[in-house]
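The first chain written gets the first letter, and so on, giving A, B, C and D; residue counts start at 1 in each chain.
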Amino acid sequence: MSNTFGTHFKLTTYGESHGTAIGGVVDGCPAGLVFDSDLLVAEMARRHVGTEATARIEADSVDIFSGVYQGRTLGTPIAFSIRNQESDSSDYDELRDLYRPGHADYTYAMRYGIRDHRGGGRASARETATRVVGGAIAKMLLREKGITFNAEVIKQGVAEDHDSAGGIIECTIKGLPAGIGNPVFGKLNATLAAAMMSIPSAIGFEMGAGFAAAEMKGSEFRDEWHCSSLRPEARQATTETNHCGGIQGGISNGMPIVFRVAFHPVTTIDQPTQCLDPDGNLHTWQPRGRHDRCHLPRTVVVVEAMAAMTMADHII
Amino acid sequence: MSNTFGTHFKLTTYGESHGTAIGGVVDGCPAGLVFDSDLLVAEMARRHVGTEATARIEADSVDIFSGVYQGRTLGTPIAFSIRNQESDSSDYDELRDLYRPGHADYTYAMRYGIRDHRGGGRASARETATRVVGGAIAKMLLREKGITFNAEVIKQGVAEDHDSAGGIIECTIKGLPAGIGNPVFGKLNATLAAAMMSIPSAIGFEMGAGFAAAEMKGSEFRDEWHCSSLRPEARQATTETNHCGGIQGGISNGMPIVFRVAFHPVTTIDQPTQCLDPDGNLHTWQPRGRHDRCHLPRTVVVVEAMAAMTMADHII
Amino acid sequence: MSNTFGTHFKLTTYGESHGTAIGGVVDGCPAGLVFDSDLLVAEMARRHVGTEATARIEADSVDIFSGVYQGRTLGTPIAFSIRNQESDSSDYDELRDLYRPGHADYTYAMRYGIRDHRGGGRASARETATRVVGGAIAKMLLREKGITFNAEVIKQGVAEDHDSAGGIIECTIKGLPAGIGNPVFGKLNATLAAAMMSIPSAIGFEMGAGFAAAEMKGSEFRDEWHCSSLRPEARQATTETNHCGGIQGGISNGMPIVFRVAFHPVTTIDQPTQCLDPDGNLHTWQPRGRHDRCHLPRTVVVVEAMAAMTMADHII
Amino acid sequence: MSNTFGTHFKLTTYGESHGTAIGGVVDGCPAGLVFDSDLLVAEMARRHVGTEATARIEADSVDIFSGVYQGRTLGTPIAFSIRNQESDSSDYDELRDLYRPGHADYTYAMRYGIRDHRGGGRASARETATRVVGGAIAKMLLREKGITFNAEVIKQGVAEDHDSAGGIIECTIKGLPAGIGNPVFGKLNATLAAAMMSIPSAIGFEMGAGFAAAEMKGSEFRDEWHCSSLRPEARQATTETNHCGGIQGGISNGMPIVFRVAFHPVTTIDQPTQCLDPDGNLHTWQPRGRHDRCHLPRTVVVVEAMAAMTMADHII
């Protein structure tokens, strides 16, 4: 279950960061869609934006195995893989029996009893590359319907040398018609929240006015109907404000969908680190290589990808 | 899909606020569990805590139809219903063709083309009563494993007369062992977020340090291993801080699970209200009866219920 | 999972044969459908056709709790229940610790550790009443699209007094357009097979030529295109024979869907019966009351109901 | 949905017969299992048993991309692919706009509007290679629990030259403990039926006595408890006969699971063939190359694979 996203537009992913390959299968994409390879390449490149330095440069060339024939989708599963570059994983040997603080090393060991300790394995942020592929395909589908996605970093923490920073990304979805979503447990905002909170290092999510709404009065918060009311061209209503973020009762109201995701700083920092071993002893470990101080610029495209897959899943 | 919560411990709900009954089916509860009716009654009563006045007093007596025999669960579906009291729904006649601002009237009409306009229908907060039943059964199951839930209102907006207020509820889960949850798309925090954001009027969710983590440095944020390290009795590690809220890589680390949910004020307020009709004209409507100024005290048990069902779903 | 049928048109059922009630929730029925109560009553009556005698006469009056308003469906869950008549279940006291041969008593005990021993509990054929309700709603939906279901008993075993008989039911679905179904694991014939084999006492399933096809040559079996080929009015092809039963590659070809289900005789017969106790000892038990010699006439409507729900699930 | 088999032990497959590759992702296999590559190779070889001649020799070398580390499973998804050999698909050019009788050409065109016409695309029996990979992994898992699978051809039609034959395969599962399966819609026999009927050219399925049970009396059919009753070593009951095929009320009773699957002859035969074009005209087409007269010997391992995955899905 946990390696599959979506119900109708589904992405199943696989791969450890230092295994042979990562990849996935997109199932549910309609037949006949023009497959835009350029968009896919461009989206993959956005995942490297702002990279100061990584010891490992990811080429991230995507091989498509199925589901596309003569430039169009067949309606059958679209499988893809991204080879991991062969790297010297001996760097990780010393971590074989150590749990780093702030990582999933300890929790994976408790969950599975066994783990691929090299570079985070399945918990590595490298898995987000497969989300970007799924998102690119979702965007190919949705732009034909006039639905667009725009995320940007609206707050970025200041990190000193040898440290890291988090921040906040805001995403706006335009062109989504009213009436998309579901009641009760399948609310559009609930599925968006799950999609966003599944991104590595996400720690908060809010729609529209968000946490600030907790201090507003009802008379301030509620979005009044715009006096020009129904847009004549689309018979679609608009509101004067958008405090609800475009969703009411779990269903889109035709206004832009607006949400924000808070990310904590990455926890691998260039400082001596106290790691735990299975017997409960602490050991000092010094990370090697250089690490991004802030991963948010790279994460913008991941936020858009998850938003696009969420919308595709609701619309199909 | 949208009327069912969970994959292994599943709650399927039904019912319009002014129909014959609301109710649900809990599927996946193990056999042999002592069914604690007193707990169920007590939890249902908590949904009425702090009610200043509602025109409609909900008796909320729960009838159990199946799945329990001689005081124990059978492992088969537990079905229940809660009769709606017969009420004069003519109050709602004038809303038949009006969309209130800040409600799901318009979005349901766009989604289904048809709706039960009486009192919000399926979008009414009345459906949360069925969540409390599911949550009570989940609690019966989890307290045997030493897992407890405690939610409280930590911020409440100030509302003037004829207005409403929102606020923030914080929930702490204790006793959850390390190793519960899933990687990638099935992260424990992602499923918690979806559960919470599905509650009517929820507008924000955060784990541990939450949005504040966006301004922390990595060296501040990461939870260092406690120097006494593994608790000898449980061989379970602890950390000095709990900024991550008890979850790493989507899997519990044995520390308390801590999260907060922001709720916007309810949008039915005792003031003249501009409603939209299907032709795009505005009409002034005056709500009748008295309404709670703040629904947060009633919502505490709903937050706990969703948390309990989420944990039950991951643990079974 | 096992108490829910379908993915898009879903029926979740509950109830033990001697509990308070049996019932279910239909989720996924579109909004705006005229709810034909007369059809529902008529279908429920068909489940009593041919009953020679049962100690317990089932009134089977169906209460609808939700999802229908002013004679039309709302697109929200349709919940229903059927009260069990209060009966003296002391008849079953002697079976509390006995496993009858040919029943699910032993397997339920192994599966759950606990069971409601009265009258088969959840394994009783009484649960098929809830399938008939779901099937009736599916039929309301599908007849608007011109899709009809006709099942009949084509073979019935001869049973002597104090014994029982099985038989074969054949079902034909007409009006299903070409192109319905899915490839690979979601084949229309595969989901039909699962639907039919889930009916109590079903023991075989075949499409079209069925087991006889195992002895045909390819040149005999394959359905040649009808020389008049595409029907001009519908642009739909027809074939000279229908050995495949209307499905190719898991997808309907526009010909009638034809399948057969074999049922074994019921295993409660009016003869002294050797039952097993949990310690491995045999005890002689004499069933009371009179029992149907053959349940097939009652099962015809159940076969149609499962077929209708399967088609509704594929078409929505 | 239709490209994924299983709920807990899941196989998602992809690939057209003449695309780049076919393959799949196994999700849900527990961590720590020894991955037996030799078993995988041996099972893949069984899919070529009895091949008289195929124009295309499939090497079927399986590449594993993830989920296995140092010879053991990680509990994460196991992804694999099987390259399609580059072949001259111009043979198929003349079929671009023709629908062969007895194939899925027409139904895929109706379903998707677009198709990969080369060699059957996704509907080709080539996809069964991915089932064998999934089945091999399921067998690795289940043999540790003493559960074994044995299928064999028990009836094979006689085919003349330039024609084809079908037949019947019987499969026996030993070592499955009592108590596996589910009630109502999730019956073990129902899921087995769906698994088997999803195999290309399957046209009938029966458990135990099967269709013959339709002519038995209840007193003949019901499996009496063996007089030595509970096997002392396992506290497991046995029966004198096994007419039910090892499943009662959808749950295993500890006796061997026995079922049969009927397969129709393949419909590509070495004879002039009348194909339909989209305008309703017939064209004579002569298949090239040599074709197997009977595919049953190759299908034995596919039946076992589907049985193994079905059991793994119920047991996990």
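One rule holds in what follows: a contact is a pair of C-beta atoms (placed from the backbone, for glycine too) under 8 Å apart; a residue touches a chain by one contact, two chains touch by 3 or more.
Please read these numbers as outputs of a predicted model, since none were measured by experiment.
J.: Hopping along touching chains only, can you work out the least number of steps from chain B to chain D?
T.: 2
J.: Give me the rotation angle that lays the C-alpha atoms of chain B onto its copy chain C, rounded to the nearest 5 degrees.
T.: Superposing chain B on chain C takes a rotation of 180 degrees, nearest 5.
J.: How many angstrom lie between the CA centroids of chain A and chain D, rounded to a whole number?
T.: The separation of the two C-alpha centroids amounts to 36 Å.
J.: CA centre of chain C versus CA centre of chain D: separation in Å?
T.: 25
J.: How many angstrom between the C-alpha centroids of chain C and chain A?
T.: So the centroids are 43 Å from each other.
J.: What are the residue numbers in chain A that touch two or more other chains?
T.: Within chain A, the residues that touch at least two other chains are 1, 3-4, 13, 76, 111, 122, 183.
J.: If every chain is a node and every touching pair an edge, decide which shape results: line, ring, star, complete or other.
T.: If you draw each chain as a dot and join those that touch, you get a single closed ring.
J.: Taking the touch rule as given, give the residues of chain D at its contact with chain C in the complex, in rising order.
T.: Touching chain C from chain D are residues 1-5, 7, 13, 99, 101-104, 106-108, 110-111, 122-123, 127, 155, 157, 159-160, 163-168, 177-187, 189-198, 200, 202-211, 213-219, 221-225, 227, 229-230, 232, 235, 237, 239, 243-245, 247-254, 262-269, 271, 274-276, 279-282.
J.: Mind listing the chain D positions that touch chain A in their complex?
T.: 1, 3-4, 10, 12-16, 19-25, 27, 31-32, 63-67, 69, 72, 74-79, 81, 111-116, 121-122
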